[in-house]
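Before anything else, here is the set of structures, which you'll find just below.
First subunit A sits with subunit B, and in the next complex the same chain sits with subunit C.
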Partner chain A sequence: MRTVIEIEIRLYATLKRYRPELKVGEPLFLNVDEGTTAKRVLEEVLGIPAKVVKTVFVNGIYRDLDHVLADGDRVGIFPPVGGG
Partner chain B sequence: MSKILRVNMTDLTTEFESVPEKYKNMGGRWLTSCMVCDEVPPTCHPLGPNNKIVYASGIVTGTAAPTSGRISIGGKSPLTGTIKETNSGGQAGQKLARLGIKAIIVEGQPKEKGQYWVLKVDKDGAQLLPAADGWLGKGLYETYPLLFDKFGEKVAIIGIGMAGERLMSNAGICVNDPQNRPARYAGRGGMGAVMGSKGLKAIILDDKDGPGVPIVNKEVFDTGRKKLTDALREHAITKPGGGLNSYGTAVLVNIMNEAGGFPTRNFREGRFEGAARISGETINETCKKRGGVGMTGHGCSPGCIIRCSNVYPKPDGSELVSVQEYESVWSFGANCGIDDLDITGELVHLCNDYGLDTIEAGVTIGIAMEAGLADFGDGKKAIELMHQIGEGTPLGYILGNGAATTAGVFGVVRCPTVKGQAMPAYDPRAVKGIGITYAISTMGADHTSGYTIAPEILGVSGKVDQFIVEKADMARNFQYATAFIDTSGHCLFIAFAILDIPSGLEGMVEECSGVLGTNWTLDDIGRIGGEIIGMEREFNAAAGFTRVHDRLPEFMKYEELSPHNVVFDVPDEELDKVHAV
Partner chain C sequence: MARGYRQDETIIGNGVFAGGEFHMSKDRLQERIRMLAEVEGDIEVISLEQVKVLSSELGLSLKEVELAALEACVLPRRYLRNLGTVGWDGQARLLRSTVAVVGLGGLGGYVVEALARVGVGRLVLIDGDAFVDHNLNRQMFATESNLGSSKVQAAGARVAGINSAVEVVGHAVEATPENLPRLLEGSDVVVDALDRLPTRIMLQEEARRQGIPLVHGAIGGMVGQVMTIFPGDEGLYALYGRGEVPERGIEVELGCPTATPMMVASWQAQEVIKILAGIGEPLRHRLLLIDAEAGIMDVIRPGI
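Our next item is the complex of A and B:
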């Protein structure tokens, strides 16, 4: 049986251009199949090539792109950024 | 031939000395720290006659090396009681180097308090001039134009504001940016108060027809310069149009916030609901929307190819302030519960005007809010509190002496300082390595002394779990490498590129070898960095510092930080391991 989960995505810095209608930091709520990885959300749902993504934080914790997302996850996606 | 300029403020004399062999290959932090260790008694009062203040450009500063305009300023800090090196961009580093001056040492103290001088240095020599009354007791946005009128638009000015004149422990030292704004700061550690205690209002550097920086081995230098330039242009963070150039340092706001390590309301929480509104992305959008003078990609010093500064516009397009950077929008923003860049911009402007470090000032205001002097989020009241510093009221003197003093006066236990210096914009409970850096730095809480955020959060030089506590080796290595970069005269931000691109790292070392005629290799980075940290620690030990001082504030061990609900759990043994080798 197919189970759908809801996740909360935020795209930052240059990645915002993939959803220009969103304000800075505005979440995008998506329904995806249970078992979906961060990479699949990026490439198949959002159309963002994995190579332009540097870091993914899920609920405040750094995760690899093959991390499987769970219902209610807060996902922050970043290109390479640095400062100080 | 390079020389040292010694300025005695007791008898108001200046003298040029030849450079002793020992100092020949030093520059920047290596030189300031070594001179301080050689000449300043560690137990002296920082504002007394026996402290000294040393100004030195980096090894390659003044050459065509990219992003290399730094000037180091050293002495004993009135804020921390430790040795201090604080460095700045702007125009001064390059002009000092091109005058053929390896270092300026200012010593002694005028017999009469409240009198100020200006040190004018050009190719013909140095002289002390009495400061005009009109240059004193007012904001630097008023004073700097008067100084440029007097000495010409092409000089560099290293000056102090009212905070320095009043010997406040949060007084920074200001350097003019390429448009001659009083906007770049060697801010940390209260070195502006040391300059003030010497009766020195400003140093004016006119490098017209100066000898320039000699390069012993041009071929090696050029090879290194090309390697480093290529690395900076290639790396996604430092390249033109990259993260730093497009959004400024405040591009970090959202990632630190996502990571749950963005200190909020005086380090009560690790995530701020208003983060996006004070982020680099919003700065970028606002500059475009409001237009006028607003811009990102502003360079703080000539020859920088990263260009991470900005000019932030008011709603009508006129200038509010340069620069809204990460640390400042955090300290006055999230840390005070304020989510409005127009407010943070005004507060940064006041710091530039009064001559204050923005990190220390923002953390101080956060503590004042904790003490009930204002509500968190009340920008209007925050501005009023800052004005107290400018007005020199008794409360202003308390606030002007920084976070730890203010917390002490008002009985605030939640005081995020180490060795008396306010923590920057990374909560060590959520990012353990930077906590080790804060604890064991020779400078008090200072992210720039070992920026482990690079691997812990940003994935630069590999990715390391932010919560792992066994990071003594990493913290040590970062401190050593940083001390070398601070010696080279490069901005620390080259680290993002050279940590990931090995040829860039080689390039930095080759540039130094080219200038000096040495045969340094990558191994010399650790050797020299270790030597610098070692001598700084010896100074601190002689000043009374022990491993007990290499600790974070106690509240971080028992107050959990949301959203991860973590305390600072790095064992003391791990902290002590950093310098056990």
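Our next item is the complex of A and C:
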């Protein structure tokens, strides 16, 4: 049986452009299948190339892109920042 | 009386800092400091002017006089507003410390400014660049009149103007795997104020090899991040993995606007001061993420 979970996404900095309808700081709520990885949300749902993002953080903890998401997870997606 | 001090001057000036003779000289120096001390609130302080007089009279560096004053429980008044936070011991630790700042751009300039003002005794400054006009929007030491001149030189001049007790060792070279081992040697903390991800990782590697804590900061747009990385911590690897990293990040698109380096460099300076003075909790195993545009700050921890 297919189980759907709800996750909360926050896009930071330049990644906001992938959901231009969101106000600054506004989270995005998504329903995805149980067992979905961060990478799949990134690439298939949000259309963000995985090479742009190295890590995501889930409930305040860094996870790699193979991390399997759970219901209620808060997912932050942050691009590399390198300027000085 | 004055003659007696001139004899001491020779002893101290020759760098004889151990043994009975030194103790006698230091006692005399501290006695002199106490005589010049003024009462401010419930503590004794000594003015910058008097520190300078003693320094030139006795042939000691300003730092040596300031340290002798601190040991005699007389606070150099220039540090009065530090005292409540860093304490007597913390101030002395700061003065005895060496901090290497790698990169003197947006972040490095403000970090150096803060460390000189707080009274870090020795700064090792590393940057091979000269100022160009697009640095003027944000780089603390860039002025219209020093365009084309070395960032290290400008930083040294600025520090001398802010706090002449601070010893500056400038290296007008780009940090490389070949020169970093030598340049970082003897530092108590290293500041990552670079602008390329691979170079930042190289710096983390060398700091780890030498067992020196590293304070990382990076900016792009109105976004910044700060993390303190102790030797053996995952540090930047937790963020970017151990594979290849991009050369640059969002700053390519968003640039480095004026106030962002101030915001992140302030946090970096706080981290350095905390580590050196032995106060507070460093941002260790925690990445501080600041998105000033969204008005959000987050502290992210690495997964185990």
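Here is the rule we go by: the second predicted complex is superposed on the first by the 81 of 84 C-alpha atoms of A that agree within 3 Å, B and C clash if a C-alpha of one lies under 4 Å from a C-alpha of the other, contacts with A are read in each partner's own complex, and residues count from 1 in each chain.
By definition in this document, a residue touches a chain if its C-beta (ideal position, glycine included) is under 8 Å from a C-beta of that chain, and two chains touch if they have at least 3 such contacts.
Quick caveat: nothing in here was measured; it's all calculated off a predicted structure.
Trainee: Between subunit B and subunit C, positioned on subunit A by superposition, is the outcome a clash or a fit?
Mentor: Subunit B and subunit C clash in the superposed model.
Trainee: In the superposed arrangement, which partner chain does A:78 touch: subunit B (first), subunit C (second), both, or neither?
Mentor: both
Trainee: According to the stated criteria, A:63 is in contact with first (subunit B), second (subunit C), both, or neither; which is it?
Mentor: second
Trainee: Once the structures are superposed on A, label A:1 by its partner contacts, choosing first (subunit B), second (subunit C), both or neither.
Mentor: neither
Trainee: According to the stated criteria, A:12 is in contact with first (subunit B), second (subunit C), both, or neither; which is it?
Mentor: both
Trainee: Running through the overlay: 240-248, 348-356, 366-374 or 564-572 are the candidate stretches of subunit B; which one clashes with subunit C?
Mentor: With chain A aligned, subunit B clashes with subunit C through residues 240-248.
Trainee: Intersection of subunit A residues contacting subunit B with those contacting subunit C?
Mentor: Common to the two interfaces on subunit A: residues 10, 12-14, 24-25, 54-55, 57, 60, 62, 76, 78-84.
Trainee: Inside the complex, what are the residues of subunit A that reach subunit B?
Mentor: 10, 12-14, 16, 23-26, 54-55, 57, 59-60, 62, 74, 76, 78-84
Trainee: Which positions of subunit A touch subunit C when the two form their complex?
Mentor: Going by the criterion above, the answer is residues 10, 12-14, 24-25, 54-55, 57, 60-64, 67, 76, 78-84.
Trainee: For the complex, give me every residue of subunit C touching subunit A.
Mentor: 103, 105-108, 193-197, 200, 217-221, 223-225, 238-241, 245-251, 253-256, 261, 287, 289, 291, 293-296, 298-303
Trainee: Hey, which residues of subunit B end up touching subunit A in the complex?
Mentor: For subunit B paired with subunit A, touching residues are 235-238, 242-244, 246-252, 254-255, 258-260, 271, 275-277, 279-282, 285, 308, 325-327, 430, 447-448, 451, 453-454, 457-460, 463, 465-466, 492-493, 496, 563-564.
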